[in-house]
Amino acid sequence: MGIRERLSGNEAVAHAIKQINPDVMPAFPITPSTEIPQFVSTFISNGEIDTEFIPVESEHSAMSAAIGAEAAGCRTLTATSSCGMALMWEELYVAASNRLPLALALVNRALSGPININCDHSDSMGARDTGWIQIYAENNQEVYDNFVQAYRIAEHKDVRLPIMVCQDGFITSHAVENIELIETDQVKKFVGEYEPEQYLLNPKMPMAMGPYATSPFYMETKMAQNEAMKNAKKVILDVADEFARMTGRQYGFFEEYRLEDADYAIVMIGSAAGTTKDAIDELRNQGKKVGLLKLRVFRPFPGDEIAKALSHTKAVAILDRSEGFRAGGGPLSAEIKEHFYDAGLTTKAVSYIYGLGGRDYTVDEAKQVYAELEDMIENGTKLPQYRYIGLRK
Amino acid sequence: MKDTIEIRWHGRGGQGAKTAALLLADVAFKTGKYVQGFPEYGPERMGAPITAYNRISSDPIRVHSNIYTPLYVVVVDESLIESVDVTAGLKEDGAIVVNTPKSADEIRPHLNGYKGKVYTLDAREISMQTLGKNFPNSPMLAAIVAVSGIMEKDAFLADMRVSYKHKFAKKPEVIEGNMKALELAFAEVTK
Amino acid sequence: MRTDISKIHEKTRYQDITPGNQVYGGGTSKAFNTGEWRTATPVIDESKCVHCLLCAPVCPDSCIPVISGKRLAFDLDHCKGCGICAYQCKFGAITMKEGK
C-alpha cells in the first residue's frame, strides 16, 4: 500500500535516494538542485543510509568522481543543474562511452546567459547527444517514480548506460504537492542490489577501462553504444510494466492525454503538460477535439511511436522549452518532424518555444495554441512555422 | 478545476511567507485535500518583495502556472501595499488579509478599489505578545485558515500543536507561545 | 559475459567489441610487441656498467629488468628504442645502434 505524503520534487528524489541507499554520491551544490545533496548528506549524518558522500570542488570533479566510483563497481549518483551540468560536459560523454550506469538527478534550469536560476530545458537538451538516457517528469510523483525505475533501466546488461532523471527547476523541485510513496522494502526489492559483471575493484578479473581507441575501433565502439541505447527502449517499457504491477502507476515512452480522437495536439515535456491538460478539459467541454502527447523518454527517442500516436491528427504544435538556435525551432520539434517525414506523414507541425528562463506558461496560452492550429486548418490562415509563446512584441 | 482555492502570499524575503505557504499546504493536506505550495523565485535577498502560492482542491492538481486570479491574498508586510499591486486579479467574492495594526476601513482605500472583503490583523503585536519576537507568519497562517474556512479551528489547532512539537522538539518552551499566537490570530481576524 | 579479448582485432565487427572497449585481464600490454617499432637499439657495454640502476626507472616501457641489484639484458620485445637510457647513463655504458 502506498504512503500518502506531500513533498517537494527535490524532497521526493531525495526520498527515493534514501530508499535505494546507493553506494556513492559525489556532488557540488547549484540552484535549484542543491537541496538534493543537502538532504542526502543529512540522511547520512543521521545514520539513515550509509552512502559515501564526496564533497568535491566542482561539477567537473563531481562527474569525474562519479565515473570513478561507478567504474570501481559502486552504485553511484550525483545531482546538478544548468551551468553545473555544462561543467560536466566532457565527463558526460566519458560516463556514457565507458558504459557506466550511474544516475544524475537533474533539476532543469536555464543556461547562462543572461544568468537565470529558473526552469527551462536548455541544460539537458544541450546534453541530448552525450549518450545518456533522459527521462522527464511532469510532477513530483513522476520524478520519484522515475528515480525508482532509473537504476533498473541503466544497469540492465543489455543497456549499461548512464541515466538522467530530469524535473523542472522550482516548478516541481520547490513545489510541495501530494505524492504517493512506495514502502521502502518494496523499493529495495524492486531496485535490487547492484551486481556489475565487470568492475575495476574485482581482484578476480583485473581490467582496464576507457582505453584509447584508434580509428579501426572507434566507430564500431560507438555503434555498439548506440545498440545499447536501442536496447534501452525495450528495457524502459519492461521496467515500467513491472513498476505498474507494484504501484498501479503505468508509464511508457509518453503519456497520451485525450489524444485518441484529437484533431489538434500539443507535444511537450515536463511540468507544463499538466497546465495543458487543464486547457484540454476546458476545450473538450466546448466540443473541441484537442489532445496532448507528453514525452517522458527523450533518449532513446521514441520517434516512430510518436509519429504513430499523432498520425490521425490534423495539426500538431511541438512545444520546446529550450532554444535550438538553428533559427528555426527547438530540438524536440526538429526530431519529431524528422520522424514525421520517415513515417510519410504530411500532418502540419508547428514549432513553438515557451517557458524560457522560467517564463510562466498558462492555461490560456495553451488554449491559444490550439486556437491557432484550428485557425490554420479550418480557415487556411498562414501560421509562421516557428513561434514564441508569451513573447512581448 | 472549479473547486480549487487559489491563494497568493505577498511578503518580504526572510519574513517566512514561503514557509507559511508550505505550512498552509501541510494543513490542507491533513484535511485530505490535494495541495500545492510553491514560491516564485527570483534573485532573492532579505527584504525583497516575494510571492508564494497555494492551490487547494478536492481533485488532483495538474496546473503548474502561477496564480493570476486568486480567491485570497495574504499580505505579510503592510508596506508592500504601496509598492506591489497586491489585489491584482483578486476575485471580488474572495478576500484579502493584511498584517497591520490598522482597521480594514483604513486599509481599503489603499487597495486599488478592491470591493471584496478586507481583513486586518496585527500579527506583529500578536507575535510580540506571545513570542517576544516578530514572527508574523504563524498568526497570518491562522488568519487565512480562519478566513478561508479550509479547516475547523479546533482541528487546525490540534494539527498545529503536533507540527510544532515536531518542529520545536529541541525548544519545547516556544510551543505554547506559538499556539497562543494562532488562537489570538484566529479570534482577532474573525471578530 | 565474454571476457576473452584475444580474438579482438582491427577487423572485429561491432557486435563483438567489448562495451566501452573494456580490456579484461591484467598486463595485456605484454602481448603487444612494441619492439617492432624500434629504429634504434640500445647496446650495453658490460665492462662499463657499474649497476648504478639509473637506467631502469627512466625506461618508459619498463624494458630494463632488475634482479638482486643487477640490471639484466634489455627486453627487446617491448623496447621502442627511445634512447633515454643511453642519454642518462653516466658511464657511457649504453649506446644506441641504428636498426633493430
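Which chain is which? They are A, B and C, in the order written, and residues in each are numbered from 1.
The rule is short, and it goes like this: a contact is a pair of C-beta atoms (placed from the backbone, for glycine too) under 8 Å apart; a residue touches a chain by one contact, two chains touch by 3 or more.
All values derive from a computational prediction rather than experimental measurement.
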Quick one: which chains contact chain A and chain B both? none
Per mean C-alpha coordinates, the chain lying farthest from chain B is C
Taking each chain's mean CA coordinate, chain A and chain B are separated, in whole Å, by 35
Centre to centre, by mean C-alpha position, how many angstrom separate chain B and chain C? 76
If you average the Cα atoms of chain A and of chain C to get two centres, how far apart are those centres in Å? 48
Residues of chain A engaged with two or more neighbouring chains: none
Using the touch rule from the top of the page, what residues of chain C touch 2 or more other chains? none
Can you list the chain C residues touching chain A in their complex? 1, 3, 10-15, 17, 19-28
Which chain A residues qualify as touching chain C in the complex? 97-100, 157, 160, 197-198, 205-211, 213-214, 216-217, 219-221, 223-225, 227-228
Show me the residue ranges of chain B that touch chain A in the complex, using the header's touch definition. 1, 22, 25-26, 29, 34-39, 41, 43, 60-66, 68
In the complex of these two chains, what residues of chain A are touching chain B? 6, 32, 117-118, 138-139, 168, 170-172, 174-178, 271-272, 274-275, 277-278, 358, 360-363
